[in-house]
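After this come two complexes, each holding subunit A, first together with subunit B and then together with subunit C.
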Partner chain A sequence: MPASVYLPRRDLQCLLDLIVSQGYTLKGPQVIDGAILMRPLNSTSQLPKGLEQTQAPGEYRLQQTQGLRHFSWANGPQALKPLTFVPRETLWRSEAQPDGTLKFHESIDPPEPTAVLGVRGCDLAALALQDQHFAGDPYYQQRRQSLLLIAIDCSHPADTCFCASTRDGPDAKDGFDLALSELEEGFLVRAGSQQGTALMEQLQVSEPTLEQHQEAQSQLEQARQQQRHLPDFEPAELIQLNQHTAWDEVADACLSCGNCTSVCPSCFCFSESEAPELNGTESSHQRQWDSCFSEGHSYIHGHRFRPDTKGRYRQWLTHKFGSWVEQYGRSGCTGCGRCISWCPVGIDPLQVLTQLGETQS
Partner chain B sequence: MSGHACLQHQAPANPALPTEAVILGRIQETEDIFTLQLRLTDPEQQWRLGIQPGQFNMLYRFGVGEIPISFKALGEDDQGQPVLEHTIRAVGRVSRALAALKPVERIGLRGPFGQGWPLHQAENMDLCVVTGGLGCAPAVSIIEHAFAHRALYGHIHIIQGVKHSADLLWRSRYEYWAQQPETTVMMAADVAAPGWPWYSGRVTELIKRLPLKPAQTLVCCCGPEPMMQASAEQLIRQQVPADAIWLSMERNMQCATGHCGHCQFGADFICRDGPVMPYPRLRDRLGLEGV
Partner chain C sequence: MNKPRIAVHKFSSCDGCQLTFLNLGEALLQLNEQVEILHFLEAGMSDAETEVDIAFVEGSLSTPNELERIQQVRANSRYLVSIGACATSGGLQALRNLEGQHDNWRDAIYARPEFIQTLKEVQPIAAAVQVDLELWGCPVSSAQILAAIRALLFDVAPIDDRDRVCLECKRQQAVCVLVTGAAPCMGPVTRTGCGALCPRFGRACYGCYGPSETPQTDTLAQRFAGFGLLPDAIARRFLLINSQAPAFLHTGKVFYHSGTGDQDD
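Let's turn to the complex of A and B:
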């Protein structure tokens, strides 16, 4: 691990100011409608303070404590995904000329450099997965390249978290510019890129004490003691468990609402649609997040390959934990647990995986 | 491509952006199937004519949307210039809108996308093209290609199955091929009207009758998945190696670049890793419910 420096809590604002002074729009965690979301941030006073959370299947609740920490919670519903793979965007516009010819205009707006404070290990890992998937996508890449990432080692994982067993957390492993480890009095700061090193050099910091190192280590150890773990299963064999009774059981509960795919930091499906202007001469071609739980996802001239919830849930799970490994060399799950918390009926995919590993009745 | 060897493959800066094509001709093949003959209007976009049999283009109707359409053939216009031929069945919102277009009208086009038939692997081998259903452009494209480069291939077996004998498209083309040397054409209709000169029954029954030389035959198969699976298994029983059997797959496609996720078939993105794929790669997933 690269050498860390110590930043007192009162100087966190200096880091924020430094980032903003470099021309970044800074986003950071803020409480909006009872959930923690990434929103434009100027001042540490906007950050949660002493806020903790309870997450359980189908449950997400915030609790105010007397603590001073800004990051004593695991994650909100939003990962980095909306910043790079935006929920809805125009890909290109077409224009019908008076002579009947068509003109096409690419629609890639130069993105504003964006810095994000408070990125978790699970979300950095998921961003790396999306980097792989969207490698040839100019819309994604342009936004991706303008991101500056300030990570936080997770000190307070939720009961739904299992990043320790996917090896993506609770600490920020890589893919960040700066990573902070929050202590009672301040932060240990380490750089993960040249940009991060350059920022760190401009901060008023000191050498951390042995006690500070120990505090960071012990809270990380504690954060690793998560209750949830990935069960044992063979990814390549998941798709062949096509007729397992576990699918019927989960399909009975699943509402096919697509919440899990919306909050999932790695889910990448999108649909394309056309939005013609009323003037009849212009039209824009757009894409927006889609879900394998949607009715039309498997539609092809009059036929749906997955007409029911069972087929759709099976597609999601076998892709995320099975065929993803074949596609990108690792599972598509980074253990953030969002799909568990934000499922309105509290389905836990780890339980489904466990069931799939058991012999059928 | 015959006569157009100068065309070079080139990657567009943004594969999501269409280019303009003008409709030169429109052929009504059946009540709901039509063929569009297209010319790309931008001289710098002519590299797209390097499309190979089995690949596809995304065709865009202004204000309506885009759909993936298999490449059928490269034809020629009055001046001997290459034109793209796409055969489309009017079944959905976009295809119906495309059906309403007339010559001189413009559409958008992007492509070519995907993996076509294994033309190099097929050289010096017998070709066996097995098709189920009507207007199967990927099959016609490989047959036309083989006849345009006849010396490169051995015997050509063509098996075409249709539900009803009245569905058969391009009948005169099949009759023409049947008269060519070193060529076998066999047709099957599940339901045959009086006067149907060919077989009445399933395609797999015709495969059994083929005088195949299994070790030197490459199979190109296109049609409904159960039919392709049954055909492939029958061919394997007749000693054709599984990896010499290629299928053209179909799924919902929106981006055509392997990003939108709709066309996933297990780990494969049919738009990018297919649509033409070797049977061993598909074998354990074909027939699985909902895959």
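Let's turn to the complex of A and C:
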């Protein structure tokens, strides 16, 4: 682990000011409508303070405590995904010419440099997966390259978290510019990139004491004691279990609403559509988040290949935990637990995986 | 080239969907350059009998006269598009279908019931004539109307978006009211089109766009029961604006009058 420095809590604002002074639009966690969302941030007073949370299958609640910590919670419904893979965007515009031909204009505006404070290990791992998937996508890439990432080691995982078992957390492993470990009195700060190092050098910091190192280490150990674990299974075999009764059971319980895929930080499916202007001569080509739980997702000229919930759930789970390994070299799950918390009926995919691992009676 | 001819017809309804046309604002002026609007009472044009390329029909079939009139509209129109909850599922007025007490209620409410000529059951437009496209919603959205007209002018099939409100709610990055507040949100079984309007303002979806594709209504009702909603309250979630849409009717009836001792079937 690279050398850390100590930043007292009262100087966190200096870090925020420094980032903004370098031309970044800063986004950070804020309480909005009963959840923690990434929103434009310029003052530490906007950050949660002493806020903790309870997450359970189908349930997400915030609790205010007397604590001073800004990051004593695990996550909100979204983190980085909407910033890089935006929910809806125009890819190009077309314009009919007098001679009947079409003229196309690529719709790709240079994004403003954006810094995000409060990114977790699970988010960084999911971002790395999306980086692979959208490697050749200029819309994604230009936003991705404008990101400065300030991570936080997770000290308060939720009951739905299992990042320790996917090895993506609770601490930020890599892919960040700066990473902070929040202690009672302040932060241990370490750099993960040249940009991060340059920022760190401009902060008024001190050498951490042995006690501060120990505090960080012991809270990390504690954060690793998660109750949920990814069950043992052979990813390549998931797809062979297509007749297992577990699929029927989960199909009965599932709303096919797609919330799990929308909150999943690695899910990348989208649909594209044409939005013509009323004048009939101009049109914009859009893409928007889609889900393998929608009917359009499996529609191929004249036929829906996954008309029912059973087929859709099976597609999601076998892809996320099975065929991702073949495609991207690892499972698509980074243990953030969002699909469990934000499922309106509280389905836990880990239970389905466990069931699939059991022999059928 | 002659401009395509359009009519907007009114049946039993509140006129809200016609107002959606008027609320198009500048787009309505642009629309007027693309098409000829011949019949549209809210906008002051009256020529109900005229032949048109596209007839938009607002409202449900609630009277014997409307049953006859819709046949005439169908005969006069190349495309018939039903707009809004009343036209697509019967709307609020179809709540009377649930009790089957048409005559008793009419006689109890009106001083001279002999002047009231209504059907015992309210019907959507598609129950009487072939409908080429249904735009759901109470009211429909301006964007839906414009997209449908544009597609028909291009002579392509309009997109029938039956996705759930949830998908759009997440695209809008609204916070789920069901998960954060155990609100009985109908979003997971309701068709999109509103832009997740209610959840974006912290309110549970009440299903005014009718059922989505593969609506898992029984599963959602069980979840509401788990939140502590009483059977009658669950029934009201499903039996409101679109009570006669089959998926909502099926699940709503399971809870309707159950446990109150006066179940009427």
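General remarks:
Note that in this section the second predicted complex is superposed on the first by the 361 of 361 C-alpha atoms of A that agree within 3 Å, B and C clash if a C-alpha of one lies under 4 Å from a C-alpha of the other, contacts with A are read in each partner's own complex, and residues count from 1 in each chain.
Assume a contact is a pair of C-beta atoms (placed from the backbone, for glycine too) under 8 Å apart; a residue touches a chain by one contact, two chains touch by 3 or more.
Because the structure is a prediction, the values reported are computed rather than measured.
Superposition note: with subunit A as the common reference, subunit B and subunit C can be accommodated side by side.
Once the two complexes are laid over each other on the shared chain, residue contacts for A:Ile300 go to subunit B alone; subunit C is not touched.
Contact with subunit B, but none with subunit C, is seen for A:Gln315 once the two complexes are overlaid on the shared chain.
On the chain A superposition, the C-alpha centres give an angle at subunit A of 70° between subunit B and subunit C, rounded to a multiple of 10. Judged by the touch definition given at the top, the superposed model places A:Gln141 against neither subunit B nor subunit C. By the touch criterion defined above, A:Gln46 reaches neither subunit B nor subunit C.
Contacts of A:Ser323 after superposition: subunit B is touched, whereas subunit C is not reached.
Of the two partner chains, subunit C is the only one touched by A:Glu59; subunit B is not. Of the two partner chains placed by the overlay, only subunit C lies in contact with A:Trp289; subunit B stays clear of it. When both complexes are overlaid on chain A, the residue A:Pro276 reaches subunit B and subunit C alike.
Subunit B and subunit C never share a C-alpha pair closer than 5 Å once the two structures are laid over each other. When both complexes are aligned on chain A by C-alpha atoms, subunit A residues 273, 276, 280, 290, 296 touch subunit B in the first and subunit C in the second. Contacts from subunit B toward subunit A in the complex involve residues 13-20, 41, 60, 62-66, 89, 91-92, 95, 104-108, 250-252, 254-255, 257-262, 264, 266-267, 284-285, 288-291. If you check the complex, the residues on subunit A that touch subunit B are 91-92, 94, 96, 100-104, 106, 108, 133-134, 136-139, 239-240, 242-243, 268-274, 276, 280, 283, 285, 287, 290, 292, 296-302, 305-306, 310-312, 314-315, 319, 323-324, 326-327.
Per the touch definition, subunit A reaches subunit C in the complex via residues 32-35, 37, 58-61, 77-78, 82, 87-88, 252-259, 262-263, 273, 275-280, 288-291, 294-296, 307-309, 341-345. On the side of subunit C, the complex with subunit A involves touching residues 27, 30-31, 34, 146-147, 149-150, 153-154, 159, 162-164, 166-167, 170-176, 178-182, 185, 187-189, 202, 213-214, 216, 219-220, 223.
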